[in-house]
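Before anything else, here is the set of structures, which you'll find just below.
You will see two complexes here that share subunit A, one where it goes with subunit B and one where it goes with subunit C.
After this line comes the complex of A and B, so read on.
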């Protein structure tokens, strides 16, 4: 237990204050009554609590809402290309919940597999994640229903665990141990009893999440019932606004466009969503997903179906933001359950 | 070395110059492009038929086109530096801007992307290429590769279909394909698309294909066209006894990144740009109807 300590809130804040020297620290900040991740200049801005999450996930600090992929200048009849400079400096993402840390790992699976994304790789390499386990669930939370945990370690370099008024600080990776550095010399080591607290927290929070679990076997049911008529009913209220994708910690779809004037330009990428009609619209006019029903189904199935292996995690980490913020009150867990029930009762081929 | 420094920027294109072009129809053009930097041409040389590229009109955006010329074979006749050809239809913002460009102008190219036609597996077999409209562009590379070394393959039938006589692509080069021993070219236009001089077939591609009465035994069908054409073509192919693993097509989903990241071209778990675009009819049957 050499990498696990017990800190008072004051000690934690002192450490956070130290991190601001030499790092760009991003932490939850209250802005006009809303909790949001923001770069902080002083530790007292940070809101680090045993529960509660930011309105938006922290993904934009690795995968910005919009960014230039390369730039160009028109010179006479020719074109000069310019690679954007790589992001410099080290960033600490402080105080995200366990679900958001898992969301980052889901992003890694997209941007760092096969052909790697240069800008994402640069930011990811220079980022240390300090997550905060949850002592209570928010009303929309459902991590335990989709195979994740309120005390999950996935994606975290350092994990903070609320223990009463105090915090247990666990360095889980080399990056995490580097971030702690010598600071640990002044802290009390955590005891076996403190470690036990993690299990207790998991049980407590899981008990607060009243959603029935999404079974892994349902992926196959959803795939078999792809053309089932239930999707018309289930997606009936979807407005196609795509707030679900924007606030989602694991949604990674993007658009690419050119922004240019007579002298220079750049290729930009910006967040996009499979729930928008133009997402799959061909130049020819053909669109494989012409209806909202087809687009909503794609979003649900991309999270809960189309997995290569049965032990592969769902691409929904259970943060519940999409449930809390959907203007039409759609709930992805209820949708999955209802779709599976309909497909099982009426058969996979029930007419659209 | 830090990870990111070892990772090249996947989005920065190579510069290619418009060397030449030919107008296929009133809205379809074939470009012949040369790399501005010979070193980049060298690293591009290993592409195979069926792969595609992202073409950039600086200031307008990117479009995906199939690589339409025969692949560069170091020991073949194409001894010069590898070039790129693509055939595109003027249909949106980028393609309209591209159509307005002239010889000598520079555009961007990145690629090759995706998997390719298993041309090597077709040796000794009879082949039918079926292209609907601009769909011919995605087949041209494989077709030319086969024609260039025809002795390695069996009988080749090329079925080129278009909505109307004026919409038929590759009319200037088709006679030369026909001259190769064992190659037969069949041209067809949709009913109502013919004119007085038309001496080809009149009928929808699936019907014309059925009418050819080609024995499925030992034959591979390579088809590309709009989704509605493929739907009816597969029905015809099933009716006359082709099995799904004898039929190869190439999917044309909307793509942006070309490297499996942007999420746009998924058909179920299948990312068209990364896992495709070339698929057999058998593989397509395993995927949801989402293309």
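After this line comes the complex of A and C, so read on.
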């Protein structure tokens, strides 16, 4: 157990305090009654053991809501192009849940496989993830139903596990071990018994999640039933906003936009969502996803279908935020189950 | 305007440089003030050179968006100038604009824009001297106000604690009473479907989570058993009436008292005919938002309003007669104390308060989606020729969006609070809406539930107040 320690709450806070020197530390804070990730200036701003999860995932610290890709300004008669400097400095994303850490790996798959996204890659390189295993499930949580775990290690460089009043701290990667550095010398090493606690915790929290599992074989059923009439019914109360996509740890869609005045301008990349009609609106005026139902289906299928291999994880990590925050009360898990049931019963081609 | 070496997102960064001179944008009417300024020039009158003019056909053409745009692009002050009342080239453009400016001005004041930065004037083509005087006054005022505060989340700012809202809320209903109401509601819905008074009933069905419901569109009497009623029936279902009408001639909608204003609004604005909708008003226990009674419920009785066609209570179902005389804003509102508190703070604090709120905005447009009165087929923020509302999700764009959303609902908002309920960032849109409703009511009278009434901001009176206009 060379990279596993047992810490008191005070020791953990002391470590966090040390991290703030030399890193930009992002942690859950409470702002106007809302729990959300913000850069912190001192350790006491962070809510280390919050009740409930942050309103949205910390993805904006890797994939900002808006960022400039290039800038220009007019000086005299000439145009000066400016390349925004690559993000510098090391950041620590502290206190995200396992589902959010998995969400980052899903984003990596989009931005870092094949052609690497320069800005994302630079940020990701400079980021260390310190996740917190869940002490309890929230009512909306369903990670175990989609193949993830409340104590999952995916995406974490360091994992904190709540053990009673204390913490177990596990450095899982080289980045994580670097972040711990010498601090580990002052901590008690975790015992085999402590490690066993993780299994106990997983069992307890998983037991609190009541959703029935989404079967991996369903992806194919969903794809075959693309044109099935059930989608009309299932999404008829979707209001067409993008809360679901913007609070989602793994949604990665963006739009290019331009902000400019008479003197200067910038080309930006901003979050966008498949639930908006403009997302697919062609310059010709044609929109291949004309209705809200089609757009909602796209979101559901992008999470649970369109996978190349059967062992590829779902792009939904089960945080449940979209369920808790949907203004219309749509629920992605029961939508999938109901769609699959309808497609199987009525055949993939059942009319709209 | 913005210097060439400053990027778009860096305007208004606070500190006052030495020998600072304000940038002022004047939006002027072509037929009077523009000619008035010309007159000042030909008369060789001297006035400060800080003002850059933009010529418009009429003050009636000037959207608050254009004033906002000037601030976004680095103006420290804005002057709007047009023809005197009665002199409009298009007869009434300036009269409609006057109401719009009155309300917009109160909103800017509320979110922390020093009113020394925002001026309105009537200057005719013959009033060269007045133009010079107005520009002098405005320049002095903006100079005093200093550079525009920056659009950003204030760092290291402790925030403001607003007074706790109090109110008793609707009469408490126990489980037995709620069950009775639910049974009566199902009966009423089934009856209107069976007798073919409507083709569809829009009501609440059970959601995935324990305390969730969602809209259900019921066409079969047997499905009426799925209708729910209780403290989690949050949505304003009138947002679904439009889509239900695409497939059915007549729609019944289950409504709480707070939902009625939106239905009236839709009728008033020609989105819906009274005979297309059957309103089933249900006795409401108050809804729960998070763990607490929703703000809007604190001062509500929960009793169904007589405007409903059918009224469902614990006792049973009865037909109702329409009496639109009661205003939705008759009762004091629990929020008014919070609004008064914010207004008692200096501009700087107010600006920080709202900039922090707006910094959380994700631009998910849930506020727009849930609002029954946001029915435009293409929202102004989705129009990009030109792009009036910056699309970048930062404080500048977020401020523009949240301000213009409020402006477009001023005098129309029914106070159902759906926008603030659905906001994932808990932006206090309800405070902004309430503030504007109060202002409209104070200036132009109450917004009642009578669909025949005109919305205040599409109407005008020759004698409307204008004490702020130079």
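Everything below uses one rule, namely that the second predicted complex is superposed on the first by the 344 of 352 C-alpha atoms of A that agree within 3 Å, B and C clash if a C-alpha of one lies under 4 Å from a C-alpha of the other, contacts with A are read in each partner's own complex, and residues count from 1 in each chain.
Following the convention adopted for this analysis, a contact is a pair of C-beta atoms (placed from the backbone, for glycine too) under 8 Å apart; a residue touches a chain by one contact, two chains touch by 3 or more.
As the structure is a prediction and not an experimental result, all values here were calculated from the model.
Aligning the two structures on subunit A places subunit B and subunit C next to each other without any clash. Looking at the shared chain after the overlay, A:325 reaches subunit C, while subunit B stays out of its contact range. One geometric descriptor of the composite model is the angle centred on subunit A: between the Cα centres of subunit B and subunit C it reads 80 degrees, in steps of 10.
Contacts of A:192 after superposition: neither subunit B nor subunit C is touched.
Once the two complexes are laid over each other on the shared chain, residue contacts for A:334 go to subunit C alone; subunit B is not touched. Of the two partner chains, subunit C is the only one touched by A:237; subunit B is not. In the superposition on chain A, contact is made by A:83 with subunit B only, not with subunit C. By the touch criterion stated above, A:308 is placed in contact with subunit B alone, subunit C being left untouched.
In the superposed model, A:74 lies in contact with both subunit B and subunit C. After overlaying the two complexes on the shared chain, residue contacts for A:265 are found with subunit B and with subunit C alike. In the superposition on chain A, A:36 contacts subunit C only, with no contact to subunit B. Superposition on chain A leaves subunit B and subunit C with their closest Cα atoms 6 Å from each other.
Shared contact residues of subunit A, touching subunit B in one structure and subunit C in the other: 74, 255, 257-258, 260, 265. Taken together, the subunit A residues at the contact with subunit C in this complex read 31-34, 36, 41, 55-56, 65-66, 68, 71, 73-75, 139-140, 236-237, 239-243, 245-247, 255, 257-266, 268, 270-271, 273, 276, 278, 323-325, 327-331, 333-334. Contacts from subunit C toward subunit A in the complex involve residues 1-9, 73-74, 156, 159, 207-210, 212-217, 235, 239-240, 243, 356-357, 360, 362-366, 368-370, 382, 387, 390-394, 397, 418, 421-422, 424-426. Across the complex, subunit A meets subunit B through its residues 69-70, 72, 74, 77-79, 81, 83-84, 86, 110-111, 114-119, 121-122, 124-125, 223, 226-227, 252-258, 260, 265, 267, 269, 272, 274, 279-284, 286, 288-289, 294, 298, 301-302, 305-308.
Residue ranges on subunit B touching subunit A, taken from their complex, read 2-5, 7-13, 15, 56, 58-63, 91-92, 95, 104-106, 108, 226-227, 252-254, 256-257, 259-269, 274, 288-291.
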